[in-house]
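After this come two complexes, each holding subunit A, first together with subunit B and then together with subunit C.
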Partner chain A sequence: MNQKLKEQIITRFAEDWGRKSPQYEVCVKIFDYLLSRPINQLKHLTYGSLKNAIGDNPSDTDILKATQYLCGDRTPVLSLHFEFSDKEDEFIYLEYDEVRWAKSTGKLVHPVTGEDIDNYEDKVFMFFTPSPLISEIRS
Partner chain B sequence: MERIEIRLDIGSDAGDRELSFNQIRRAFQNLVSRLTIKDYKLKKENIVNLFSAIDDLYRSSEGRVCELAFTTEGGSIKRERMRRSNECLRTEAYHDGGIKAVDGKISSYRIAATWEHGADTSLVTQPELLLPGYSRMLSEITPILMDADITNCAGIEDFNFVVNKLNDFIGNESKT
Partner chain C sequence: MHKDLKFNLESIKEFQSDVPGIGNFPDRMLAQTYEEFVSVLYKDIDRIVITMEKNPELRQNDSEDRLTIEIRGILEHSGYDATHEEKIGGHADLVVKKNDWLWIGEAKIHYDYGHLFKGFQQLSTRYSTGGSYNSQGGMLIYIFGAKAKIVMDTWKTHLKEKMGEDNLEFFECQANLLYFYSEHSHQRTGLAFKVRHIPFCLHFDPKDKK
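Moving on to the complex of A and B:
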């Protein structure tokens, strides 16, 4: 474990949010969770699994703000991914470029059939994995 | 059947039946208009969100879990059902082994549980509660589940019994 780098990241959380803020608490809990769990069991983290890891106290808004921050360039702890689902329990991985294209055109190209999908926002879901920074700290 | 029944216990004196019925009908209309916005959509503050009850029920020792759907952080989606009517998924060997392998880190999104009701009477029933969430709800920051299916009831006592069990898993501010 690269303890020095770990402490640098936690210091950055404190600088950006303040040690007594709920966002700081969420950031630290997610960070600790990513460092403590077996890496092969961190392949698909949803908001649901992150909320289980964090516990009941922080509000959904605080969790949302903190996860957005953890996906950012300053403290890239989480990697953000997208998947498409229009059938229960069937998810298809989307490349970031596919989502970016959909945002700019307003239509998502179905990743399998190639058809245009209107109102795609309801069918695209986010999930998270540990970022390369986490691998670097764990090494 | 697209019908809402308003039932009135009229007792022995049926003389004020129409008056009483109209009072109940007006009270029902007032209640609906107070709870809903346009197109009868529920106001946000009146929604009873049952989603967190799914995981809370699973992690409790209440009832016998006969169906569970959940995701793991390894990326899989699992759906499990018990065939036998008197055993609980929580203690079934395959389920228990899997849960221990991931240190209990699952996110459940659908659960069915039954209870034996009336064990001290001649009629023992097994009313069932299903909280029918969807896996994609786990990707939402605030998943909302408003449906609960209560089945296998022999009468209103069974139904109320299950509603009371469900109430134990939802916040005091939003009881059914």
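Moving on to the complex of A and C:
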């Protein structure tokens, strides 16, 4: 474990949010979770799984604030991914270009059938994986 | 709020008022070109302008640095790699980076148009590289006086006089009637350098208690 880098990231959380803020606490808990769990258990982190990992019932607002921050360039701890689902328990991975295309045209091309899907936004879900920075710290 | 929030593109929009920037979060992640990076950055800055203009009474004694640091902080919370006073040819007021992409904002309180033009020159000839990965920048103009529209119109005229008509083009900004874009050939690279001129209307002089 690269302790020095780990401490630098936690210091940055504190500088950006303040040590007494709920966002700081959420960021540290997610960060600790990513560093403590076996990598093979972190391949598909949904919003719900992060929320469970944090515990103590933080608000959605606090979690969303923390997750968009943790996906950003300032402290790139999480990587964001997209998947399509119009049926329960059936998810199909989407490349960034597929989502960009949908956003620019207003229609998502179904990743399997090729059909155009209007009103796709409630069918495109997001999930997370640990970023390369996490791998660097864990090495 | 939601016990089981469906984390999809539609549902996160519901949190826009509680989580600044969350509506632009996917676009921020998806940006694959410099233009897309700047485009979503401007959406985020526009949101910050609206927020800061809501309480001008609290900002009457704020300095350029204080205001700019607040903008930097909000951008950082949205995940941007944003800095204040970073050394890039000098100490740039607001620097936002993503990969090799660079956007620089020069912040000025509007005292007079010479002061603004000094900022424009700093942005154009000192801080910005003018390369493909830094082909756009911004003037953040904090206006404490009344009638920001007149200030912006006069600023545009002043800029044209100083730069010369042949070396400057103006474009309207669809996002806000008070904003405008200028574009000129960058001194260092000769490539087009596009500047968004963004006023923050912070005038506060209520007449009801006089």
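Convention: the second predicted complex is superposed on the first by the 138 of 139 C-alpha atoms of A that agree within 3 Å, B and C clash if a C-alpha of one lies under 4 Å from a C-alpha of the other, contacts with A are read in each partner's own complex, and residues count from 1 in each chain.
Here is the rule we go by: a residue touches a chain if its C-beta (ideal position, glycine included) is under 8 Å from a C-beta of that chain, and two chains touch if they have at least 3 such contacts.
Keep in mind it's a predicted model, so treat the numbers as computed, not measured.
*Asks:* Does subunit B (first) or subunit C (second) touch A:R100, or do both, or does neither?
*Replies:* The answer is second: A:R100 touches subunit C but not subunit B.
*Asks:* Mind telling me which of the two, subunit B or subunit C, contacts the most residues of subunit A?
*Replies:* The partner making contact with more of subunit A's residues is C.
*Asks:* Check whether A:S49 is in contact with subunit B, with subunit C, with both or with neither, and answer first, second, both or neither.
*Replies:* Touch partner of A:S49: subunit B, not subunit C.
*Asks:* State whether A:E88 touches subunit B only (first), subunit C only (second), both chains, or neither.
*Replies:* In the superposition, A:E88 contacts subunit B only.
*Asks:* Taking the superposition as given, does A:L34 touch the first partner, subunit B, the second, subunit C, both, or neither?
*Replies:* So A:L34 meets neither subunit B nor subunit C here.
*Asks:* Tell me which partner A:F125 touches in the superposition: subunit B (first), subunit C (second), both or neither.
*Replies:* In the superposition, A:F125 touches subunit B and subunit C alike.
*Asks:* Touch check for A:Y69: first (subunit B), second (subunit C), both, or neither?
*Replies:* second
*Asks:* Would you sort A:L133 into first (subunit B), second (subunit C), both or neither based on which partner it touches?
*Replies:* It touches nothing on subunit B or subunit C.
*Asks:* On the A-aligned overlay, A:I9 touches which partner chain: subunit B = first, subunit C = second, or both, or neither?
*Replies:* Neither partner.
*Asks:* Per the definitions at the top, what is the overlap between the subunit A residues touching subunit B and those touching subunit C?
*Replies:* Residues 46-48, 60, 64, 125-127 of subunit A touch both subunit B and subunit C.
*Asks:* Over in the complex, which subunit A residues touch subunit B? Could you list them?
*Replies:* Spelled out, the residues of subunit A in touch with subunit B are 37, 40-49, 52-53, 60, 63-64, 85, 88-89, 91, 125-127.
*Asks:* Taking the touch rule as given, give the residues of subunit B at its contact with subunit A in the complex, in rising order.
*Replies:* 55, 71-75, 77, 79, 102-103, 105, 107, 109, 134-143
*Asks:* What residues on subunit A touch subunit C, complex-wise?
*Replies:* Touching subunit C from subunit A are residues 16-17, 23, 46-48, 59-61, 64-65, 68-75, 80, 82, 96-97, 99-100, 103, 120-127.
*Asks:* Inside the complex, what are the residues of subunit C that reach subunit A?
*Replies:* Spelled out, the residues of subunit C in touch with subunit A are 1-2, 4-12, 15, 18-19, 21-22, 25-30, 32, 73, 76-82, 97-99.
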